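The first chain written gets the first letter, and so on, giving A, B and C; residue counts start at 1 in each chain.
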Amino acid sequence: MITFAAFTVIMLVGVPIGLCLCLAGFVYIMASGNPVLFQSYPLQLFGGVDSYGLIAIPLFILIGEIMNGGGITKRIVDMAMAFVGSLKGGLAYVNILANMFISSILGSATAQVAIMAQIMVPEMEKKGYDKTFAAGLTAYGGMLGPIIPPSVMFVVYSVLAQVSVSDMLIAGIIPGVILTVMFCVVIALMGYVYNYPRADYQTPRQRVATILRTSPTLLIPIVIVGSILGGLANATESAAVGAVAAAVVGKYWTKEFEWSQLPQMMLRSGIYSAIVLFLVAAAAVFSWVLIFGKVPQETAAWIQTVAKDPISFMLICNVILLVIGTVIDGVPGLIMTVPILLPVATEIYHIDPRHFGVVVVINLVLGLLSPPVGLCFFVAAAVTGAKPGKMFMVTLPFFFISCILLVLLSLYPYLSLALIK
Amino acid sequence: QAKELRLGLITPNGHSWNKAALKLADQLKEETKGRLTMTVFHSGQLGNEAAMMQQLQTGALDMGFIQAAELGSRVPHIAAINAPYIVRSTPAVAKFVRHPAAVKLFDVLPAETGTIGLGWGITGMRAVFAVKDLNTLADIKGMKLRINPTPVYRDFYSSLGAAPTPIPTPQVFDAMSNGQVDGLEADLEFSWNQRFDKVSKSILQMNAVFMPMAAVVSGRVWQSLPAADKELITKAVKSTLDAQIDELAAGEPALIENFKGTSVPVRQVAVKDTEAVIAEFDKIWLPKAPVLAELRKVGATI
Amino acid sequence: MSDQTISTAPAIGVRRVIMAASSGLLAFERLALMGLMYLLTALILVNVVTRYSHFPIYWIDESAVYSVVWLTFIGASAMTRLRLDFAVTMMTERLSARSQQIFKITATSTVIVFGVGLIVTCMLWMDPIGLAQAGFDAKKFAGQTFNFLYTERTQTLNWPTWVLYLTLPIFAVSITIHGIANLLEDLGLVTKVPPKGFQLSELDGVN
């Protein structure tokens, strides 16, 4: 109890969450009257990141850095435009489709929003869309980043839950595609109500030319997936192979990537992955003291008194995670909730850990799009100058449709598990 | 006086070691009318085996079920139990680990690891699952084989001409199905749970190595316990491990039937093929762990 | 998320030493992070190639994992100095400027508390004094203290594990120094200038 109190107080003061977790660990050990645990403290911190699956995180982030530096993102948007054509609300579809495509390369929602907002929002504004809507829509498009593989959040989850990284990545495919379709349906309906502008007309010949011109970007996901299917690499290693592909495409096709940029890209990838990885280490210490204090057991006992079956348990988890997601961001949210909820889910309610992972991750990703700490909105706001609160209001239909997806995923495990062998 | 013990192990819920741990907890509670209780921390909740060893050494953790690979990487003397062809079947494993010679290996634990060994628990003999057709030991030559990376196994499979390839456990199935490796070695219980038969063309029962686990107690904690409790705990551990060993050995025929029920052929290694392999292995390991000679002698009588 | 400003302004005595130590550390951490990223990428690619050509190298996975562990703690130290981290600002951002300043100083101080705490736990764990008393004999030390840290080796690299664990005491010391440097800035005792060699963007998120 004192551990949680200490944690909450220092977190509200504005101490970085990783340190809050570490300090709560100190407080627990002091309060437990078992000071011998201090001797194991550093090793628990080390053990938290001493895991093969986590290698993927720096590599996924590196692909994003190289791709962005190589001007590949811009070409992907062009390609989506050629596909969508002059529909009503054309650029809104382009936004979602380009986001879906880029999600298959990038692992992070906020990185994706930052990149896409710079490209899409000015374009949409020019065509007569409301800037707030354009920015908000891009933020929802970014949601696909951690759902469609690769995904840093799924990697972190698979390490926390000790399930196969590739299983988790594959589990995100169907939910990601459903979400994309749902977003497109919402755009169609909203486009009808608000009379969205049409996209520029392109002749079929122009379209084909654009698609041909931009098709080398496809090489990156093809190399990633192909290296896995061809037995060259596992899911983790495919990220390194993908980084090479991105560098080659950026250097010899877009010609915007220079080897001299690489050291800075390496540095940024290193620092950004350390931010995530240190949280994982801190979470290991925190969950270790929680487990020593039997907190998961007690939580399980409490939840069992409320939830009588797996479905009511899942729905309760949805509510809890949405609330947590509103104040805490993706990876830290994962790290704080999974060690407590997962044992309950698998042992008491016999829920497949991979199904549970999909629901938890999407739940927390939705938290990135809800006030007061919706990081994706803040990123979109920082890039475009739109107001985060207003962004949330004008995109409410997207929020509701995402909640519907969550309920569907909670009720039907096969949506997550169908593609896993 | 009343005491709450903590036992850690890395296997997940439902594994036969976990069932034994839970039984041990029940038995202690019952025999002492609740004076001694035990909480079981499974799936590596307290950290991996190295982290658990460290907690056993400080006394933060009271007991652990630690695999011979972890203890063997610290003490070559213990690693001798992982050597190939000491015994040649799971029923023989069940007898061997209860033989005084196997139990005597624990004598080095206090000085070398700060823990006290109370008994062995077992898994069955390991088999090789391959994406090609395996008939004899010689067919292993040239294979990229995923192995448990303990040094004993590496030397054994290298001497067979395989290229030992470490792949993290959760990725083994995928590595087999997409061809990163041509084969893997594992015990049958784990292999059936993971359904490795679905990505294999043949199964070769090596009857060579097995991975036992030692029930160890923190040396620090042990010092602080009254003699009566030590005796009580030792007895309870022995009886639960006895049951685990017997149950596992008794369950193996059914497991083999499961595999035979699939379309994948299950084959055996011929005894005469193994002599050269043993000689080559012992050239490396006898100097490191002289006790191996005695273990072989004992194994031959079982 | 970040101010990304670092002070190097002249200050007297201890202050100057701290600021210089912090800048020096950060410069070193910058190089180490780049180096570890290159190393990690190279290890993974070499692993792919050698395994594909039937000559898998046994110790690569383990090396890659430990590169990431070192990357984590070196990066965590650097990001503390760069003030790049997830923090909950929901409550503090609604307060007056003066209260915000107080909270900021409190938050920065807890970094130092953590750093010192980690130094203490590392001392308890690695027990350098006990080791010296045992004449740096790992076996004798283990016999006296039940601490077997210096007798253990990694599984496939076969390195002594304590060498790899050194990242933790290094991290403990460096985060303490960076914490003090940040605190000096927050207290207005030194002035801030941007860090050298980091082209970071506030927008590059990490989720």
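Definition applied: contacts are C-beta pairs under 8 Å (C-beta built on N, C-alpha and C of every residue); 3 or more make two chains touch, one makes a residue touch a chain.
No experiment lies behind these values; they were computed from the predicted model shown.
Taken pairwise by the contact criterion, the protein chains are fully connected, each one touching every other.
Taking the mean of each chain's C-alpha atoms, the chain whose centre lies closest to the overall C-alpha mean is A. Of all chains, B has its CA centroid at the greatest distance from the CA centroid of chain C. Each chain gets one centre point, the mean of its Cα atoms, and the points for chain B and chain C are 37 Å apart. A separation of 26 Å divides the Cα centre of chain A from that of chain C. With centres taken as mean Cα positions, chain B sits 39 Å from chain A. The residues of chain A that reach two or more other chains are 39-40, 43, 50, 52, 231-233, 236, listed in rising order.
Shared contact sites, meaning residues of chain C that touch two or more other chains, fall at 61.
Shown for chain B are the residues that touch two or more other chains, namely 50, 54, 58-59, 167-168, 180. Chain contact summary for the complex, chain B toward chain A: residues 6, 12-13, 39, 41, 43-48, 50-51, 54-55, 58-60, 167-168, 170-171, 173-175, 177-180, 198. Of all residues in chain A, only 10-19, 22-23, 26, 38-43, 45-46, 49-52, 54-55, 57-59, 61-62, 108-111, 113-114, 145-146, 152-153, 227, 231-233, 236-237, 239-241, 243-244, 263-264, 266-281, 327-332, 365, 368, 372-373, 375, 379, 382-383 touch chain C in the complex they form.
Residues 30, 33-34, 36-38, 40-41, 44-45, 47-48, 52, 61, 64-66, 68-69, 71-76, 78-80, 82, 84-92, 103-104, 106-107, 110-111, 113-114, 117-118, 120-122, 124-125, 165, 167-169, 172, 197-207 of chain C touch chain A in their complex.
Those residues of chain C whose C-beta lies close enough to touch chain B in the complex are 51, 54-56, 58, 61-62, 142-143, 146-149, 151-153, 155-156, 161.
Considering their complex, residues 50, 53-54, 57-59, 73-74, 111-114, 142, 144, 149-151, 154, 163-168, 180, 219-220 of chain B touch chain C.
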